[in-house]
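As C-alpha cells, here come the structures.
Okay, so chain A shows up in both of these, paired with chain B first and chain C after.
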Partner chain A sequence: MDSGIFVYREEAAASGTGLLKGRTVSVQAGLSVAGWPAEAGSLALRGFKAIEDATVARRLREQGAVLVGSTRMSELGLGLRDDGAARAVTAGLADIAMMTDLVGEARLAAADAGIIGYRPSYGLVSRYGLFGLIPSMEAIGVLSRSAADIAAVMAAVAGRDEKDFSMPEEPVPGFLDGAGQPRIRTLGWIRESVAFLERQERQAFLLALEGLAKAGLTLVETSLEEFELFRAVHQVIGSVEASSAAGKYDGVRFGYRSPAAKNWNEMYLKTRGEIFGPLVKPYLFQGAYYQFMKYGAFEKACRLRSHLIRELQRLFGQADALALPALRAGFDPREAGSVSALYDAFLFTLPASVAGLPAVCFPWDDGDPAGCRAIQLVGPRLGDAGLLALAGQAVTNKTKES
Partner chain B sequence: MQYEAIVGLEIHVELNCLTKMFCDCPNRPGDEPNRNTCPVCLWLPGALPRFSREALEKAALACLALNCEIQKRSAFDQKVYYYPDLPKGYQLSQAHHPLARGGWLDIADEKGAPKRLRIRHIHMEEDVAKLIHELEGRTPVSLVDFNRAGAPLIEIVTEPDVRSPHEAMEFIRNLRTQIRYVGSSECSMETGTMRVDANISIREQGSSAMNTKVEVKNMNSIRHLGDAIAYEIERQKASLASGEAIVLHTRLWDPEKGVTLPMRGKFEGPCVPDPSVPEIVVTGEWIARMRALLPEMPALKAARFQRDYDLPRELASSLAGDRELSDYFEAVSRESVPPRTAAHWILTQYLPALKERQLSIAASPVTPGRFADVLRRLEADEINAASAREVLARLFDTDESPDAVIERGGFRQVSDAASLESLVEQVLGAHPTAMGDYRSGQAKALGFLIGQVMQASSGKANPKRVREILLSKLA
Partner chain C sequence: MDFTERLWCGTLRPGDAGRDVVLAGWVDTLRDHGEVLFAHLRDRSGIVQVVFSPGRSSPDLCRAAESLKSEYCLAIRGRVEKRLPGTENPGLETGAVEVFAEAMEILNASDPLPFMVSEKAAVSGEREAEAVAEDLRLKHRYLDLRRPSMQDNLFKRHRIFKCVRDYLDEQGFIEVETPMLTKSTPEGARDYLVPSRIHQGAFYALPQSPQLFKQLLMVSGFERYFQMARCFRDEDLRPNRQPEFTQLDLEASFIDEEFIYRLVEELTVRMFAAGGIDLPRPFPRMTHREAMETMGSDRPDTRFGLRFVEATDLFRDTRYGIFRQILDRGGSIKGLNIKGHSESLSKNVLQNEYAKEIVPAMGAKGMTWMRTIGGKLESNIVQFFSPAEQQAVLERFGAEDGDVLIMIADASPRLVHSVLGQLRLHLAGRLGLIPQGTFAPLWVTDFPLFEATDGGVTSSHHPFTSPDRPDFDPDDREGLLNLKSRAYDLVVNGEELGGGSIRIHDRGLQSKIFRALGLSSEAAEEKFGFFLRALDYGTPPHGGLALGMDRVVSMILGVSSIREVIAFPKNRSAQCPLTQAPSEVSREQLGELGLLDRGGDRALPGTAKKEDLLEYLSWVSRIGVSEAERPALEKALAEASRLADAVEGVETDAAPAFSAVPVENRIRAGGEPVVSRHSESRALFANAPAMKGRYFKVAGILE
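Entry: the complex of A and B
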C-alpha cells in the first residue's frame, strides 16, 4: 500500500478546528489509535488492534489534526529498516509524521530525508498508548518540513497526563509564543564527538556550523572526555529495559503463536523464539544477559548515565545549545541490521536519548554534494521551543539564500 | 546433640484498598473471573502503571503499626520471571529500596516472658494473576483469572529471631491484631489475605552459625504455620542425624498428611529498577500526618483499660485486641454501666451470641445503647442474670426496646418481700429434709433450697433476696 509507506489509511478522516486545523498527521503503527491495526512492525503483535487512543492521538484530534493513517515501522520501533514515517512527509501524504525515537530514529529518518526531525524533552509528552521498548529513553518524535508545524504539534500534545505518572510536574515551554524560552546565542560543539568523524566529514561539519553561526551565533568549542560512553550506557540500559518491556510478547493473548508446540511451556519458548527478528532478538538477548548474568555492569551503566547527564549540564553552562553531527558517511541508518551497526549509525543521536534532552535535526546544504547534509542541535531540558525556533530560522535562511 | 531452630518469616498481606495498585480497577479478587481488569492490569501494549495513593497510605499505616521507619525515598523494581500468572514477564516490587525498615513486635514466649522480634523491612508489591487448574472432560486445563493481578500487597520480612513454632504463631497473631487495628487488611490466612512463608534452619545450641535454610509455604492457618515449623525442625534434625546435608530448597506444607514436601528449586530472577513508576518520595510532614491517623494501638489501649476502668489485665487485653470490640465496650461503659460488668458480659455473652449468629459488631442489631439498657436493669436488680441472658437473645430478633421485651416477656424480677416470703414458706414446707440438713451443718442444702424457690417463681425471683429470706427463716 502506497509503496510501503502506510500499513493503514483512514479514508474518512475529517478535520476539526484548533491549532492543527487542516493539518494531516500520520502516526506509527506502534502508537494507539482506537480500532486501528497496531502491529508495531512485529509478529508479536500480528492482528492486534488498538483498544483506546494514545493521549497524543487524542490531543492531536482535539486540536483539529486529521489522522490519516499509520506508517510502516521497523520491528518495535528499533532502527529504521522498514520505516515509512519520513516518506509519508516527503511524498506529500502527511504534513506531519509522529515517530518513536529510541536511539535517534525520528532525527535520522528526517536527516536522511531532508526534513526536520525533533525529539522532545523526556517527560514532556505522555507515553500512554505508545508501544514502548525502552521506557526511560523513548520519546514520541515529530517530523515535518515546517518547524512551525512541529511547534504547533507540541503546543497540542505536550503537558501533564494523568495516565502517565512518569511525567514530572513542570511548566510546558511556550511553543507558540516562545514564552520563557531565551534565544540561543552561543552554540557549543564537542571536541570528542567530532573526533569520530573522518577528516573530510569533520571539516564539512565545522564549516556547516560556521555557516549556521552567521545568523548571529557565537561558536564555542567544548569538551566531554567520556563522550564515547554514551554508546555503552545506551546499549546496556536500553537492552535491559527492552528485555523487560518485550516480556509481554508471548503469543498467549495476541499476536503470532507457534503452532509446533506440544505443551504450554514449549509454546512460550517456541513462540518467543519465532516472533523476534534479527535485530530485536539479539538486543533482547543482550538485555537478558545483563539482567541475569552481569547485573553489576547494568548498575555501573546507571551510575555512568547520571555522570554523563551532569557532564552535559556542565556544557550548558558554556553554551546555550550543543551542535552534534547527525549522519555519518559509510553508516547508513536505514541499512543497520545488527546491534553494533545500529549503534554505529546512531552514535551522535544517543546523547539526547540517554539524557532525556530535546534535540532537533534539520537539513543543511552547502552546495557541495560531499558536504554536511544535516545538523543536530541538543538543548537543555525543556529548552525545546528555543531549539525549534533556531532550526526553523536556519531552514528559512537557507531557503532564501538558494 | 542439642539443636535450636532459627526461623525468619515472610508475610504477604493483601491491602484492602478500593482499587488495584497501578490502575483504577476494583480490588475485589473474588468477583466473577476477569471482570475487574483493564489495559493496565492486563498489561496490554501501550498501558502505563499509575501508582495508587491509597495503596501507599494503607501500606504506610501498616508499617507504622509494626513500628517500622518509613523511608523518605523508595522505588519499584521489576522482579523478572516468566510464568502464566505474570504475562508481562515481571512483577513490580520494591526489591532495592523498600518503603520501610527496622520494625519490631513484642510477644510472650513459651514461659510468658516478653520477647521482642525484629522486622527487617516492609516493601510494597503487586499481586499476580490467579491460576486455576481444572479438567475439561479429561483434558487438564489451566485458566488465568486477572482479577487479582495488580492487587496491592505488602511483604513483611522479619529478622531470623523466631526460635519456636509458638513464637511464630504469637508473632503472626500480634501482627494481625496490629494491622487490623489500622484498618489496612483483614489479615486472614484462611481466606488468603495473609500468606506466611517460613525460612527455617537449625544449629547447635550455643552456636552463632547461620546454616542453610529451607523455605516452607502453603500454610493456611496460624495453627498450620506452627505445625509446619515444628515438623520441619524435626525433619531437619532427623536429616542431620542420618548424615544428610540440608540443601536450599522450598517445601510445601501438606495439611492432610501433616508433612512438608519438596517443590521446585528456588528460582531467583533479577530485579531491575522500573523506569515507568517514578521514585516514591515522601516528606517528614507526610509521615507525621500518617502517624496522626494511627488509632490508639492495642498495647496502650489495654494499659488504659486496666488503669481507667480498673479491669483485670486479661479482660483489658481481650477487649483491646479488637478495635471494634474495644469501641463497643467503651460505648456500653459510657451508658452508666459499671465497666467490669460491661467487660464481663461482652466477652462471655455478647461475643458468643454474635458468633452463633455469624454477625459482625457493625451489623449487630444489639447496639451499645440497647445492650447497656439490659445491663442497667440487671445492675438495678430489676431482672436477674438468667433473664438478662434471655432478654439479650431476644434483642437479636426484634426492634423493640429492651424495656418492652422485659415487660412483655414478664422478665421483671420478683423482689417484694411478701411474695418472696410466701414462696419460701411453700418450699420449706415441701422440703423438710433439706431444712434439717442445713440446720445440721450441711451448707450446700441452702443452694438446693434457693434453686427450688427460683423454680417456683419461674426464674423471676431475685436470688439475693431469696437467700436473705431463707437465711432468716432457717436461723
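Entry: the complex of A and C
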C-alpha cells in the first residue's frame, strides 16, 4: 500500500507532548533528520545520512509530533514526478506531510490529491537542514486534511533560527488564536491571470469564487498587467540560483562520484554529468547560460521581481487576499518532464513563490465533475493565519453541505 | 610641505634625537590612547612611530590626526626624540626613537582596505601578519606591494638582477634585446600567438626563448651575449608556473663546457651571496645516467643520501614467484635502506600506507619492505627468500638493526627508477631527512641526445644541441638512442634552475640531426630555413645557457611561490585578477584583424570551446553532457535565450530584489569562531565517497 510513498520509515516512534501530541508527520527525503537517509531524490546525495536534525524536524518533535518517515521526492524537490508526500496523507500514513515548495509543489500536490496544501511567507520557517535548490524562493510547506493541524505545525516551527541567515528579524504572527486574526473580507481575482484559462475553466473558476463568497466575502476584480512576467522572472532567477546552489554537488565530500576519472576536472565533469537528471540538468544549463552569458538578464529579472512585489502590494490595497486558479486542464503537474512543461503546469503558483507570499490551496467541489477542483489563495506577507482560517472554514462548510 | 628636506622614515636612529625632520609616507597602523595618538608612518625604507600629543601638537593638529585611517598618505614635520626607557619597540629598526608631530599635511585619503597592509605590530609581539587569499592580494596588487615583505622581495630581486648584469658586464658580455613579435621557435610548448592586422590571417608568436636569435648573434660575431629575456609559454596549468617568465639567457663563442661551468658557478655564487647564502664551489657534477640510476631523477636533490641499492643480481636464482616472473621478463629490482627508522615506519605504515596506497599511486604494482631486527630481516615476505638471499640483502644494503629496507621490482627498469625516486623524496620529506637551510648545487651532464618515440626518435633538448661525437649513422635507431648530448643542467636542491648546451655550428652535422629526427629537408627549410642559411656563413663554435630567474630569486629568498617575486603575476589559472586579463575583445577589433570570418571553414585557434555554447557551459559549470542529452539541452538553451530577451525587453526603474525579503548583514551570536562539532567528531566525513587519512580524496589536478 505504501510502496513508492516512503524512502525511509521509522517504526514505533513514541509521541511526546505539546501542540502536535499524537500527530504523525512525514518529511521529504531532502530534509535532514539525524541518522535518516537524506538523498533528496538525487544521485548527488546517494547514500547520504543526515548528521543533524533540521530545525523544522527538531521543533516538530519538541511539540510532540511523531516523525514517521521520509517520503519519495522528485530530483532535488523540483516538480512532482516522483512525489510521495501527498499520498502519505491520503493513504492515512501521516496526518501531516512537510514538503518543500519551489515552483508550487506543496500546493499543487495537495490540489491534485484533494487535501490542503500551504506555503508559508518567505522567511517564516527555518530552512536549516534542508537540501534546497532555489534559496530566494523556496519554502517548507505543509500538507494536511486539516487547516487546524497546519496552523498547529506553524505554531510549532515558525520563527527565528540563528542557524538560518536568510530569515529576517521580524515578529512571528500567531497561528493558534484563530478568532484574534484579521479576517479576510474582500477577495480579489486578477483579470490577466484568468485570461490564461480556457473559457470553460474560467467560468468554473469564477463560479467557484462566487460559491466561496457566499460565506460573506466580497469579490473584487483587479488587474496586474504584467502577470505573464511571473513565469519568466521565476525561471531566470530560479535557474541561476539552482545552478549556483547545485555547485556543491561535486562528489567530493558526499554522494555519488563517477569512477575512473583521470584528473580533477574530469572527475567533476563526469560526476556532475551523471548525477543530474533530465529535468534538473537542463534547468542548471539555463542558469549557467544567464550566469556566464547573460548576467544582465538575471539582474533585470531581479528588478522585475521588485516591480512585481510592488504590484502585488498595490492589489492588497484593493483586497485582503487574492484568489488564483491552481490546476490547469491539460497540464498535469505530475507528468511535467521538461522545464517548460513544469512552468506551464505551475503557472498560477509562481506569483507567491516569486514574491515570497503565503498561499494555500484547498479542494473545491461544485458537484460538477468538470468544475473547479481546487482554489488557491494568496495573502500579504505574514498574513498566513488568515489564509489558513479561511481555507479551513471553506473546507468545513463544503463538508457540511455534502 | 616642501619635500626637498624629506628624510626616510626607516633611517632615524637615537643619534637623530633633537632633529626637526620632514617625513612622508603611509599610515601603517594607528593606536589611540585617548589623548595621545600613535601612528606608524611607513615609506619604502621602513617604519617610524609618530606621536600626536596635546602637549606637543596644536589642538588643530590633534583633531586632524583623529581623522587618520590606515594607508592615508601623509607628510609630517616633527622633532625626533628618544623613546622613554621601557617603551622601545625592538620589532622596528627605528624602535628606539619616535617623532613628535608639529605639522601634518594629508596628501591623500584612502578608502577602507580590502585587507590589512600593515605587517608590523604597533606593540612588539602583538600579532602576526594576517593571511590573505591570494586572488584578493592579486586583485589589489598595488596595495599588496605596499607590504614591507613584498617590497623587500622586489628590492632583493633588483639586487640579484643587478649583480648578474654587473658580473656579466665585467666578463665582457653585452646585453642585446631580441624581438617579442617573432616566429614560432622549436621549444615544444604551445605558442602565444598575436594576429597581424596588416598581413591578415598571419600570426606572430611570442618567444618561448630567444634561442635562434642568440645563436644568430654568435653568427654575427658578438661572441658574448646576454639578456634578461621575457619568455612566454602557453602550457597547461601547473603549480608554480607563469605564462610569462624572465630568464637569464646567455651565449658565448669559442668556448667549451668548462667555460660555462666556471662562468655560471661564479655567477650563481654571487647571486646567492646577494641573498646572504654561501654556496660551496666547485659544484659537483653527475652524469644523467648516474642521477637516474641512484636517485631516480634528472634533477636529483643531493641534500641527503638515500641512494638506490642494486639488488637484481641478488635474486638471480630466486624461487620467490613475483621476483622470478619480473626477472624472467628482463626486469630489475632496486631498493633503499632507510637507516634507523624502524620506529617511525611501523609495519602498519609500510604495508597499509606505502605498499597499498602510496606506491601504487606512484605507478608500481607493489613494494617489498623488510625491517632489520636482531641481525635478521623481518617482514611478511622474508619467508620466501632463501637464507643465502637474506644474507646477501643484509650485506648489500649494509643493513643494521633498526633499518628499514624497501625494494621495488618491475619488468621496466625505468619504472623502478621513477618510483624509487618518488619514494626517496616522499620518505625524506616524511622522516625529516632533508636538512633545512642548506643548498646543494649540482651540474647534471651527459644527457641522452634523443628519446625514443613510436618507431623513431625525438630531441631530448632541442635539435640544435651538439652530440658528443659527429660520427653516427642517422638511420640506426639503437645507435642514436645511445648518443649523448653536450647539454648540462644546473640543479639546486632538486630544482632545475636552468640548462643549456654546446650547439651545432656545422651545417652538415645539423642536416644529419634533422635526418635522424625524420625531418625532410623541405620541412627543415620551412621551419628554420633562415637559421640554416646563417650556419652556412662561417658560424663559430658556440654554446650557452638559460636560467629561470623567477625561480632563482624565489629560491634565494626562500619563498614558496614565484608569484611572490613577480610584481604583477598571473594567478594559478593564468589570469590577472587585477586587470582581468585575458578578456573578451570587441567584434570591431576582431574584424579589423580579419578574425571574424576565419571560423567559417576551420576552427579559430583557441575558440573551439566557445563556438559551441553548450560545450562552453558544460565546461564552465563542470557538467558533462552525453550525445543523447544534447537535443534536450539545446532546446533548453534556446528557451533560456528567448526568456532573456523577454525580460530584457521590459523597462523598469525598480532596484533589483535578490531575495523576496530584503537581505541584511548579520553577525552570528556567540562571538568566538568555533570548529563545528561534526568536524571534530569526524561525522562530516561519514558520507565521503573516498578518504585518505583525515582528508577527502580526489583525483589529481593533472593526470
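Definition applied: the second predicted complex is superposed on the first by the 397 of 402 C-alpha atoms of A that agree within 3 Å, B and C clash if a C-alpha of one lies under 4 Å from a C-alpha of the other, contacts with A are read in each partner's own complex, and residues count from 1 in each chain.
Quick note on the criterion: a residue touches a chain if its C-beta (ideal position, glycine included) is under 8 Å from a C-beta of that chain, and two chains touch if they have at least 3 such contacts.
On a predicted model such as this, the values are computed, not experimentally measured, just so you know.
J.: State whether chain B and chain C clash or fit side by side on chain A once the two structures are superposed.
T.: Overlaying the two structures gives a clash between chain B and chain C.
J.: Please determine whether it is chain B or chain C that touches the greater number of chain A residues.
T.: Larger number of chain A residues touched: C.
J.: Just to be sure I read the superposition right, which of the two partners does A:S32 touch: chain B = first, chain C = second, or both, or neither?
T.: first
J.: Taking the superposition as given, does A:G356 touch the first partner, chain B, the second, chain C, both, or neither?
T.: The answer is second: A:G356 touches chain C but not chain B.
J.: Can A:Y268 be said to touch chain B (first), chain C (second), both, or neither?
T.: Both partners, chain B and chain C.
J.: Looking at A:Q200 after the superposition, I want to know if it touches chain B, chain C, both of them or none. Which is it: first, second, both, neither?
T.: neither
J.: Now for A:F165: first (chain B), second (chain C), both, or neither, which partner does it touch?
T.: Both chain B and chain C are touched by A:F165.
J.: With both complexes overlaid on chain A, does A:I51 touch chain B (first), chain C (second), both or neither?
T.: Touch status of A:I51: both partners.
J.: Look at A:L130 in the shared chain and tell me whether it touches chain B only, chain C only, both, or neither; answer first, second, both or neither.
T.: Touch partner of A:L130: chain B, not chain C.
J.: Should A:T218 be classified as contacting the first partner (chain B), the second (chain C), both, or neither?
T.: A:T218 sits against neither chain B nor chain C.
J.: In the superposed arrangement, which partner chain does A:T17 touch: chain B (first), chain C (second), both, or neither?
T.: Neither partner.
J.: Between 221-229, 419-427 or 455-463, which chain B stretch has C-alpha clashes with chain C?
T.: Here chain B runs into chain C along 221-229, and the other listed stretches stay clear.
J.: Just which bits of chain A does chain B share with chain C as contact spots?
T.: Residues 48, 51-52, 135-136, 162, 165-166, 168, 243, 250, 252-254, 264, 268, 291-292, 302, which sit in both footprints.
J.: For chain B, which residues are in contact with chain A within the complex?
T.: 39, 42-51, 78, 80, 82, 84, 87-90, 142, 269-270, 272-273, 275-278
J.: Which residues of chain A touch chain B in the complex?
T.: Against chain B, the touching part of chain A is residues 30-32, 38, 40, 45, 48, 50-52, 54, 127-132, 135-136, 162-166, 168, 240-241, 243-244, 246-248, 250, 252-254, 264, 268, 291-292, 295, 298, 302.
J.: Please name which positions on chain C make contact with chain A in the complex.
T.: 613-614, 616-626, 629, 632-633, 635-637, 639-641, 643-644, 646-648, 650, 652, 654-664, 666, 668-669, 678, 683-684, 686-690, 696, 698-703
J.: Taking the touch rule as given, give the residues of chain A at its contact with chain C in the complex, in rising order.
T.: Within the complex, chain A touches chain C at residues 47-49, 51-52, 122-123, 135-137, 162, 165-166, 168-169, 226, 229, 232-233, 235-236, 239, 243, 250-257, 261-270, 272-274, 276, 278, 281-286, 288-294, 296-297, 299-307, 309-310, 338-340, 354-357, 381.
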